[in-house]
Structure formats: structure tokens, C-alpha cells
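Next up: the structures, one after another.
Both of the next two complexes hold subunit A, though its partner changes from subunit B to subunit C.
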Partner chain A sequence: MTTTLPTPGHYDVLNAVVLKQMAVGAAVSEATGVGLDDVDAILAELAGAGLVFMAGDSALPTDGSAPALAEVAALRYAALRSDPAVLAEVDRFEDTNTQMLATMTRWQTVEVGGRQVPNDHTDPAYDEKVVARIDRLVQRLGPLLDALAAHDPRFALYRQRFDAALDAVDSGRREFVSSPTHDSVHTVWFEFHEDLLRALGRARTE
Partner chain B sequence: MRYTLAFEDADPEDVDLLGGKGAGLARLVRLGLRVPPGYVVSTAACREYLASGALPDGLFDEVLARLEQLEARSGKRFGSDRDPLLVSVRSGAPVSMPGMMDTILDLGLDRRSAVAVARLTGSTAFMADLVARFHRMYAETVLGVLDVHDGADRVARDVAAGDDPDAAFAAVWAACDAAVAEETDERVPTEPVEQLRGAVEAVFRSWNTRRAKTYRDHHGIPHDLGTAVVVQAMVFGNLSADSGSGVVFTRNPATGEPLLYGEFLAASQGEDVVAGIRTPDPLPGAMPAEAFAELEATCRRLEREQGDVLDIEFTVERSRLFFLQVRRAKRTPQAAVRIAGDLLDEGVLDLAGALGAVTLDHVRQIDRPGFDPADVAAARERGDLLTTGTGACPGQVSGVLALTSERARELADAGHDVVLARPVTSPSDLDGMIASQGIVTATGGSTSHAAVVARALGTACVVGASDLDIDVAAGRVRVGDRVLAAGDPVSLDGASGEVFAGAFTRATAASATDVVRRLLTRAGPVTGCRVFARVTLPPQVEPARARGATGLVTAVDDLLAASGRLEKLVQTLMRQGRVTRAVCEELEESVVVELTPLLREAGDLEVGVRAVDFLSDDARELMQQTALLARFPELSMPVGAPDLLRAQLAAVTRAAADSGARAHLSVRHLRDPAEADALRALRAQLPGAVPVGAYLTSPRAVSHLASMVRSDELAWVEVRTVQARMFGIPARQLLTQQPLDDYVRRGLLADPRTVLDPVVDSLFAPALAAAPRSGPDDDSPALGARLSGRVSAPMVGALYRLGLRRFAVEVDEVRPALLALGQAATGG
Partner chain C sequence: MGDVLAEGYNVFNTNKSPEGVIKYLGAPQDVIGLIQSGKLGEHILLVRGGTTTFLAPALSMGAIGVITMSGAPESHLGILSREFQTPCVMTAHLTSSDSRYVVGETDDSHFEEIARELDGKRVRLDCTDHEVGRVVLAD
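Take a look at the complex of A and B:
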């Protein structure tokens, strides 16, 4: 660990701030599993080091945040990056990710006479098929989350967030499929994807 | 038989017993359509299974007895080595819900029947594909295996048409089994009868999956309702050259054009079309002539009987046409409106049916403004088309270019329309995407994260614009030899994927709205309603008129705010410390200057002008409300400062005379007959003044309606504010999503934004009954309803039924309001 991010908690908190861009302590605590008091203390230290900027109760990343995370990730996840169990699952993830995004698209648009039009959600049977597929694709993430959690237990938290989003969908809250203003399946997936790329030291391609 | 019903014996209305799918198939049989034979295992069997944990005694004997009937009717045998019968098994609950078992197709394959399939179709490759598909479906839906059989699929794909069927079956089945063995000790049964038993039980079991239970809990669906099982003979479109499968819409679902629209693929199964393995041919032409004639006649008949455009799946097996599914067709908004108008013209639908077939949202989407095609053509001519990416979310927008999420947010907060361009998108771009009107990314396809987010937001988006070299650090975008800087105006078309330099003005294309006008014109005379549109600036008048507005409303505070005169007026007031002659003169001149051009543009449209409301939420900051009202407490009373009202009355009168328009002045928040009389007294002092009227916002005002308004006045009631006051909710919260969205979802309130509350209804009903009538020939109450924000069909319908015939809405809501009124007037 470098001096700027002395503990795993510092990495986790900063990582959450960078993923969310603007986050209050409670949201960071929920996403990281770090206790609220510790989150507040860590945010204060990070602010002192110029790695986050506090606007009222919200923490925002600075230009230094992402480089600091990248530097620490290289050390912290060195073993993860060369673990064949992780890498095999990562290869599978590429395919799962493609399918998930295609399935999200089917949730949002339907083809009508050769044109894509917004899904007006008046066909529950269609919607149910799509959600069932989203559910299965989330389940397929299981082995990857297990492999990652063997190096850093924090990754297991994604499962709870996915389950919470899927429960909300099943209780009729459709916005928990893909709305970016909710902790929807796609929001969690998008954050996980970014988090994974950072852990692996890979760049996003789209 | 206790637990099972053949399709032809089942009553389609008994959804509780048959489930949705079973009832649907029974309905098709009643419609006289040739449906592949089948039967339903009723929900009664499931209920017993759920109670005891085992299949009821005698159930499976019944399932097999029904199977024999299927064999007799189809001339095929289950598990036969000659002409094998394959079946599909589906779950069908009375209510569609998540977590229920999906369909299993092609059930009944073992070695002998598979070999027979290869022989009958002349293709071992087809058989191998069928076996792999069945095995996968069964493993996923019955055994709960998660992984797809990638390796097994490869084995199946390698089988050639002429291979030995016996060996091919063995190889494919073994590969599939191996894939399953990686996840579970269970196996897909090799005996067709065991496959059937496993599938039926799996349907029952799926009733109690976690997801299904969660759904029932949240929707109050009883846990003991149970699901039905549908078992149906498979028909094959790939048995011969005169076989095939297809989909047909009774009219074009994209344009509404009244021609059969569909696809047919000869010698194929439906899944081939879905999987994109082969490209189907357009109808007609590709189908056997006799089958097509039957299809065409059936489509015409069904459309008349159902009064709607239908989406029909069918298979032709050796020239015999089978109907698999008939549903109401999904359609674009344009098609929905055109179809409703055409069906009305053809006499298939009456006016109520035609208006009911269109939603307010359809009309809104057609009214959505876009670029003028002539402007776009000129931009192309000038070379302003920068690049064409992939359209990911439709919409035509212009805005200033931002290259970071932070900058997009800053520009949006400063009141700009923003187009955000990013090389790649990460979760950290979300806030900027939310703030923007348009999004462009250099990478990614139509199913990228950016595309998913944009569609969830409904924001126009182009992805994969790879010609754009976006240099975030330098604040520049390079396209070929052209360089754009952050802050430059750009435009994008989220449907075509085009990105332009420069900005376009937006308008609603006349061609798109002709069909809407045609339909709403038919509704107009029936409703007998007048719809006024809210405008502030002269250019808004023509769009309002084009949408069918027969009058306009405006507000003095909006008129003055738009030109900066409101702030100045407040400054003058504060400086002078009292309502002086100078203040009144400034107010009068300001109103004349701003209102005259609007009235001139209005021409023959009646214009309702609302006097300044110093309590208004909207102009709170501009008016420095707190300081102003502390200094001038009388301004919070509607007739508290008569001089200011007199100045506005004089101004409206002058502007009306100058422009030759008809106008009236109404005053907000009047709640007592004495206030209305005071307003009339002011008017009496000014010879030739325009009419005055009350503008009611409180329950008290409504209950005094009869003595507050007169037949020769144009009074208004602001429904949202009255409703909010009845609930004790700030009126502005009836224009936002939160906090009411969550609250309504929790079942704590019926939505006061879309539903007229019964208490408010009981306030309105006697007041409107006692109110003066609009005129000698008009028996409606002398009161108009002012609606703000989006209109809702239930709200408009309730107000119409109360007798109100005059409405005022936002310009964009004129057509939705006319439609809602048409629906209400025709009893929809």
C-alpha cells in the first residue's frame, strides 16, 4: 500500500466514490461494507490528501483519484491478476457481459415491423422472458464473484446488490432493471464491470 | 377425466382453470382456427400437487390417455420410429408472473424417434440440432442447469445432413449429457414418457420459485392459485418443400399501411427465423398459394371480429396451415393512430373503439419535435455532417458540446442544452449523461453500456462514432480535418446515427401529425369542448393553433419574466416603498409591450390573461418573494393592491384594442363573492375594459362558485392546486415524480396527479350543478379547468363527466387532452 491509501478500506471507499462520482457516506458504506463511522473518517483523510473533494455531505473524486486507485490496484491485485481461476472466469464474463447488454436492450426496445421502438411494457409475457434471462445471466456471474472474493471479500457484496435489484424488479419496480438513477441491475453491473477492469488493470474498450 | 381438458372442450373464459396460455389456445379453437391439437392440465391438479407435494393419483394416467387422443388425431405416435409425435410443454398461470417454467419444445425425442425425424426430414443435421435444442431446454428449465451447452452445440453443428443418424444421435446426446454432468448428477430422461412426467412436475414446481413467490407477495396474488400445463403437438415446417413457418401482421405495424405484413421461410422451423439462421422471404409470394389464400382470408376475418390488428404465428406442414399464436400486434405510435383512423373509416371500429385504440402517449410521441428535413439537407450540403455512428436511442437534439461529465452538468445547470461526447463511457459519466440532451460515444455498439443508459433515460444517443477523435484533455474533437472545440454547437439524430456541426431549430413535422389531426377532428364535434393552450411568446401561438387549440391562456408574470421586466418591476417597487403611480405606469407599459405581439399573433383565438400572482411558486426567486411580501403584505391578497390590477386591466384592454384580439383578465386566488364584486367594480371604472373573471385555486372558492362567476365571464379553476389543498400537499409536489411515486407505489394514496380525488369530486359536483351556464345555447357550467403538466386520461374524463367543457393545458398537451376528451365523450 502506498502512503496515500494506507488500508484496503481506503481503496474501497475511494473506489466507491470514483464509481458513483458523487456519493454520501451511507451509500459508500452500503457499496463497500465499511462501517459508516469508518467511511466518514476515511473520507476526511482522503480529502486531506486531495484524493476526494467534499461538497457538503457528498464526496466527489478529484483528478488524482483514478491514478491513485490504479497504482494501488497493481499491488493489491497482483495475485488476482495471475490467478488462472479468475482469468478463466473473466474470459467467460466477456461473453456474459455481451449477452447482458443485449438482453438489457431487449428490455428497453422491441422490434415492430423491422423498427426498434421503446418497450411500453404492455406485454407481461415478453417482459417476464427478458427478466428471467437477466436473472440467469446474473446467476452466471456467481463463479467469477466467488473467484474474485477469494482474493478480496468485497466482491461478494455485488451479489447482495444484484439480489436487492432483482427483488425490487420482481415486486413490480421496473426501473430497477436499467435505470441509471437507481441501484438497478444495470447500474450494479456497470459498476462491477468497471471495478473488475480496474482490478485487472485493463482499459475499457467501449 | 378430472384434471385435463382438450382445447376444444375447454371454455376460453375459464382462465382460472386453464391458465392464460391454455385459455388463449381454447379461444383460437373457438375462433375456428386450425390449431395443433393439445390439452391442458388444469390448475386444479397443480393445487393438489402443492397441497400434497406429489402428483395427484391418476393424473399421469390422464396425461397419457390424452396423449393417445393426440396420437389418434395427428396420426403420429409418441416415441415412434415411423412418424413420431413430438409435443411442446408450457406453463400457464392464470396471471403472467416471473419465475415460472419456460417452454420446452420437441419433447418426445429418443433414439428411435430421432432417427425417424432424420429420415422424414432427410437431414441428420436437422435432427442433431433438434436433439441439442431439446436437451438444452430440458436441462435448463427442468434440471435448472445454468450453463449453455456450448461444447455440445459444436458437436451438433458438425453433423452433416447425410451422416448416419444412429451414430449422430448417440454423439450429440452424449455431448449434451457431459455438459449437464458438469453441473448436476441428474440426467435428461431418455424415455419420452419420463420426459413428459418430468416436464409436467417441473411446471408445478416452478410455482414456488423464489421469484414467483416474491411477485405474488407484492401483487396480492393468492399463493394457492396454481398453474396449468399446456401440452400440444408440434407441427413441423421443415418436413417438405410445401412446409414452412412464418409470422404475419394483419397490417404493417411500423407504418399502419393496410397490407398484410410478414415473413415466411419455406422448409423451416420457426426457431430458424428467430435465430437468424436463414433469412425469410416477405409475404406474399413465398408461401404455397392455397395456404396463403387461407391465411389472407383468416387475417381479414379475425381483424374484423377482433376489431384490432393482430400478430399471428403460423406453420405450414405439408401444405396444411396451422395457427400457433394470435395476439394483439405491437405497433409504433404512428401505426397505432393510422390504424385507428383506418379501422374507423372501414367501419370495423366505431368512434369510441378508434379513440380507445390510441393512447395519450402515442399522440405525445408523434408530436415530439424534430429537425426540419430541409435544414438537415442544407447542413449536409454545407458539409456539416460530421459522421454517422450507430443510432442507439432516437431523438433529434442540438446542444453545446461537452467532453466531460462535470462540464455537461455545469452547462446544464447554467440552462444550456448539452450534447456530451465521450471516447468511452464508464459509470462516472452517468451524472453527465443525465444532465445532457444528447450523448455521443466514439466506441461501442447499440447494446453498449452507454446505449443502455441512454435508453433508460430516453436521451437521444449515437454510439460507435469511431471517426470522432475525442481529445478530452485538449477540449477538442477532430473529425478528418475538421476540429470542434468544447462549447461549440452540435446536433445529433439518435435514430439515423448522424452527428452534425451546428444547431437546428426543432418543430413537429406536419406529415407526421396529419393522421392525428384526422382522428381528433372526428372526435372534436362529439366532445363539444374548447381547449385553450398556455403560451408566453408569439412563436408558440402557431403550434398551439396547429394542434387544435381554440383559445390561449397566458400569465402576466410569465410574460414579464421572459423579458426580464418582472425583476425590474420588483426593483422599482422595492425602491419606491409603496405602490406609486410610477410603479403602475411601468407595469401597464410593460404588459402592453409584451402582450400586444402575442394578441396580434392570436388573431381570432380568445386569450385568457392571468394577472400577476405575487404568491406564485414559479417566479418566487425572480420576485424576491420573501422580501417583497414582507414589505408589501397586501400583495398576497388577490385584490389587495387594486391599483396594480387596474394597471393590468388597462394594459390588457389597450393591447386587445391595438391588436383587435379578444382577451379577458382573470385574477388568481379569488375565494369570496365580495372579491369577485370588487374586481367587477374596478372594471366598471374603466370604460370599454375587457371582461374580467375569477381564477379559483381553493376549495372555498369552488364551493362559492355559483355566486362568484357569471355567464358572461370566463372563469377558471386550477385543478392541481385545489386538489393539492384538499390533500394538504404542496401543489408543486404534484408536478414532480417524488415524493409521490414511492408513496403511491406503497399503496398509501391514490395518485392525486392523475386521478380526481372522490372528495374533490364531491366538492365540484354540487358547485358545478349550481353554477351559471356558459350561455343561452351552452348548458355547460361557466367555468374552465386549468390543467398543468401532463394531462391524464382519468383526470380529464372525471372533469368531463362533471360537465366541464372548457380546458386549458400546455401547448404540447393540447392533442393528448383532445384525445382524452374524445375518449371520455364516447364513453371510453
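Take a look at the complex of A and C:
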């Protein structure tokens, strides 16, 4: 750890803020497993160091956030970055990610007469097919999450969040498929992808 | 329709036609500054890529329109813009230039040219076409 991020908890809290881009303490606590009181104390420290900006109760990343995380990740995940078990699963994830983005788009839009129009969710059979596809793609992450959790147990939290989102969808709350204001499948997927890239020291591609 | 300054992928078809002054956002601090200014609703936001993650707070707080210089409608930002119903033109290119974005083959000068030409101009977004989104100079 560094002087700006002296403990794993500091990394985890700042990482969650950068992943969420705008988050209250409770959401950071839920995503990291760090207690709320500790999250609030760490956010205050990070704000003092210029690594987060507090807008009311919400924390936002600053220009210094990502570089500080990258510096720590290079040390914290050095072994992970050279683990063949992880890297093999990461290669498979790239294809799965492409399929998930396309499937999310199919959830949001339907093709009518060769044109994409918004999905008004009046065709349960179509929606069920897309949700089943999303479920299968999430299940494909299992081996990667296991491989990552062997290096850092916090990656196991993603499985819990995916399960919670899919359970909510199954109970009829379709906002848990892709809404950015909920801990939806897409929200969790996006955060996992960002988290994975940071752990690996890789940049996103378009 | 007025002068079309730029065109790109239309992320979703909408009759919304937001008008505002283009503001280039290059870093998280730019988003914070814009939110603090209270003038988020006065600007069409220009960012470099569809993978620009720092735009999320601006979208959730009511951004009226977005232009990107790279990225696909299936990207994370495309998914977000549909969820927030924020008109979005992706991988926009200048109609006055031959320069086009190609994944992995485009250098900074392409993005700098677009930012230079569009930043500060009052425009409206035309997202009525099923495929092409247009950045139109406002009257």
C-alpha cells in the first residue's frame, strides 16, 4: 500500500467510488463488504487527500483517483497478473463481454422491419429469452470469479451481487436487468469489468 | 435543417432534439466542475470515447445530450444513454474533414481536431434517423 492508500480498505473504498463514479457510503459498503462507519471515515480521509470529491453525501472520483489505484493495483495484483488460470479465463471473458453488451442492447431494443426500436416489454416470450441468455452469460463468469477470488476474496462479492440482481429479475423486477440506478446485472457487470481491467493493469478497448 | 457539423451513430431514435453549447469533457474533474457550475442542462457533452466512464454522474444528473468521438452504440455508454433516454451521437466525425475513427489506428490528432472544431459551438442534436445521428449548428 502507499501513503495515500495505506490499507486494503482504502483501495477497496476508492475503487468502489471509481467503479460507481458517484456513490453514497452505504452503496460503497455493500459493494466492498467494508463496514459503513469505516467507509465514511475512509471517504473523509480520501477527500482530504484530494482523491474523492464529496457532493453532499455522494463521493465522486477526481483526476487523481485512477492513477492512485493503478499504483497500488500493480503491487497488490502482481501474482494475479501472471496466474495462467486467471489469464486463460480472462481471454474467454472478452468474448463473453461482447455477447453481454449485445444482449443488453437486445433487452433495450427490438428489431421491427429491419429497424431497432425501443423494447416496450409487451412480449413476455422475447423478454424471457433475453433474460435466459443474460443468465447463461453471467453463469459463464463462475470460473473467472473463482480464479480471481483465490487471489482476493472480494471478487467473490460479485457472485452475490449477480445472484441478487437475477433473483430480482426472476421476481418480476425487470429494472434489475439494465437500470443504472439499481444494482442491476448491467451495473454489476460493468463494475466487474472495470475492476478486472484495473487488477490486470489493462485499458479498455472501444 | 441547419448546417450539419458532424455525424455519427445514432444510439437510439428519438424526437428529442436537445440544444446547447458543446462542452468537451476530458477528465473526471471536468465533470465535477460542470456539475458544480449548475449549468449541466445548458451543454451538449463531448467526450472522447464510448468507454468514457466518468460521464455517468452527468447522465444521472440530467445531461441533455452526448457526443462521442469513438465507441459503438452497444458500448456501456450507449446502454446508459438509452436507459437515461439521453440523445447520444457516437463516433462522430466532422463533415468538413476526411478523418475517420478506426479502432486501434487513430491518433490523437483526430480527436483534437473534432474537439477544437466543436467545443463552444451552439448546436442541436438530430437523432430522428434510425442510423445516423447529426450535430447541427443552431440558428
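Basically, the second predicted complex is superposed on the first by the 206 of 206 C-alpha atoms of A that agree within 3 Å, B and C clash if a C-alpha of one lies under 4 Å from a C-alpha of the other, contacts with A are read in each partner's own complex, and residues count from 1 in each chain.
By definition in this document, contacts are C-beta pairs under 8 Å (C-beta built on N, C-alpha and C of every residue); 3 or more make two chains touch, one makes a residue touch a chain.
Predicted model, so just to flag it, every value in this text is computed and none were measured.
S.K.: Answer with clash or fit: subunit B and subunit C placed together on subunit A by superposition.
M.R.: clash
S.K.: First (subunit B), second (subunit C), both or neither: which does A:R204 touch?
M.R.: So A:R204 meets both subunit B and subunit C here.
S.K.: With the two structures laid over each other on chain A, which partner does A:P61 touch: subunit B (first), subunit C (second), both, or neither?
M.R.: both
S.K.: After lining up the shared chain so the two structures overlap, which partner does A:P118 touch, if you call subunit B first and subunit C second: first, second, both or neither?
M.R.: It touches subunit B and subunit C both.
S.K.: Contact-wise, after the overlay, does A:F53 reach subunit B, subunit C, both or neither (first, second, both, neither)?
M.R.: In the superposed model, A:F53 contacts subunit C only, not subunit B.
S.K.: Between subunit B (first) and subunit C (second), which, if any, makes contact with A:R173: first, second, both or neither?
M.R.: First partner only.
S.K.: Does the superposition put A:N15 against subunit B (first), subunit C (second), both, or neither?
M.R.: After superposition on chain A, A:N15 lies in contact with neither partner.
S.K.: Of the two partner chains, subunit B (first) and subunit C (second), which one does A:S29 touch, if any: first, second, both, or neither?
M.R.: neither
S.K.: For A:V110, is the partner it touches subunit B (first), subunit C (second), both, or none of the two (neither)?
M.R.: first
S.K.: In the superposed arrangement, does subunit B or subunit C reach more residues of subunit A?
M.R.: Larger number of subunit A residues touched: B.
S.K.: For subunit A, which residues belong to both interfaces, subunit B and subunit C?
M.R.: 20-22, 61, 101-102, 104-105, 108-109, 115, 117-118, 178-181, 186, 190, 194, 204-206
S.K.: Inside the complex, what are the residues of subunit A that reach subunit B?
M.R.: That would be residues 18-22, 61, 98, 101-102, 104-105, 108-110, 112-115, 117-118, 120, 122-125, 128-129, 131-132, 135-136, 139-140, 166-167, 170-173, 178-181, 184, 186-187, 190-191, 193-194, 204-206 of subunit A.
S.K.: In the complex of these two chains, what residues of subunit A are touching subunit C?
M.R.: Listed in rising order, the residues are 20-22, 53, 55, 60-63, 65-66, 101-102, 104-105, 108-109, 115-118, 178-181, 186, 190, 194, 204-206.
S.K.: Spell out the part of subunit C that touches subunit A in their complex, as residue ranges.
M.R.: 12-13, 27-29, 31-32, 35-36, 49-51, 53-54, 56-57, 59-60, 70-76, 78-80, 82-84, 103-104, 130
S.K.: Considering the complex alone, what residue numbers of subunit B touch subunit A?
M.R.: For subunit B paired with subunit A, touching residues are 20, 96-100, 102, 146-147, 211, 214-215, 217-219, 249, 252-255, 261, 330-333, 335, 361, 405, 424-428, 430-431, 433-434, 441, 443-453, 455-458, 463, 745.
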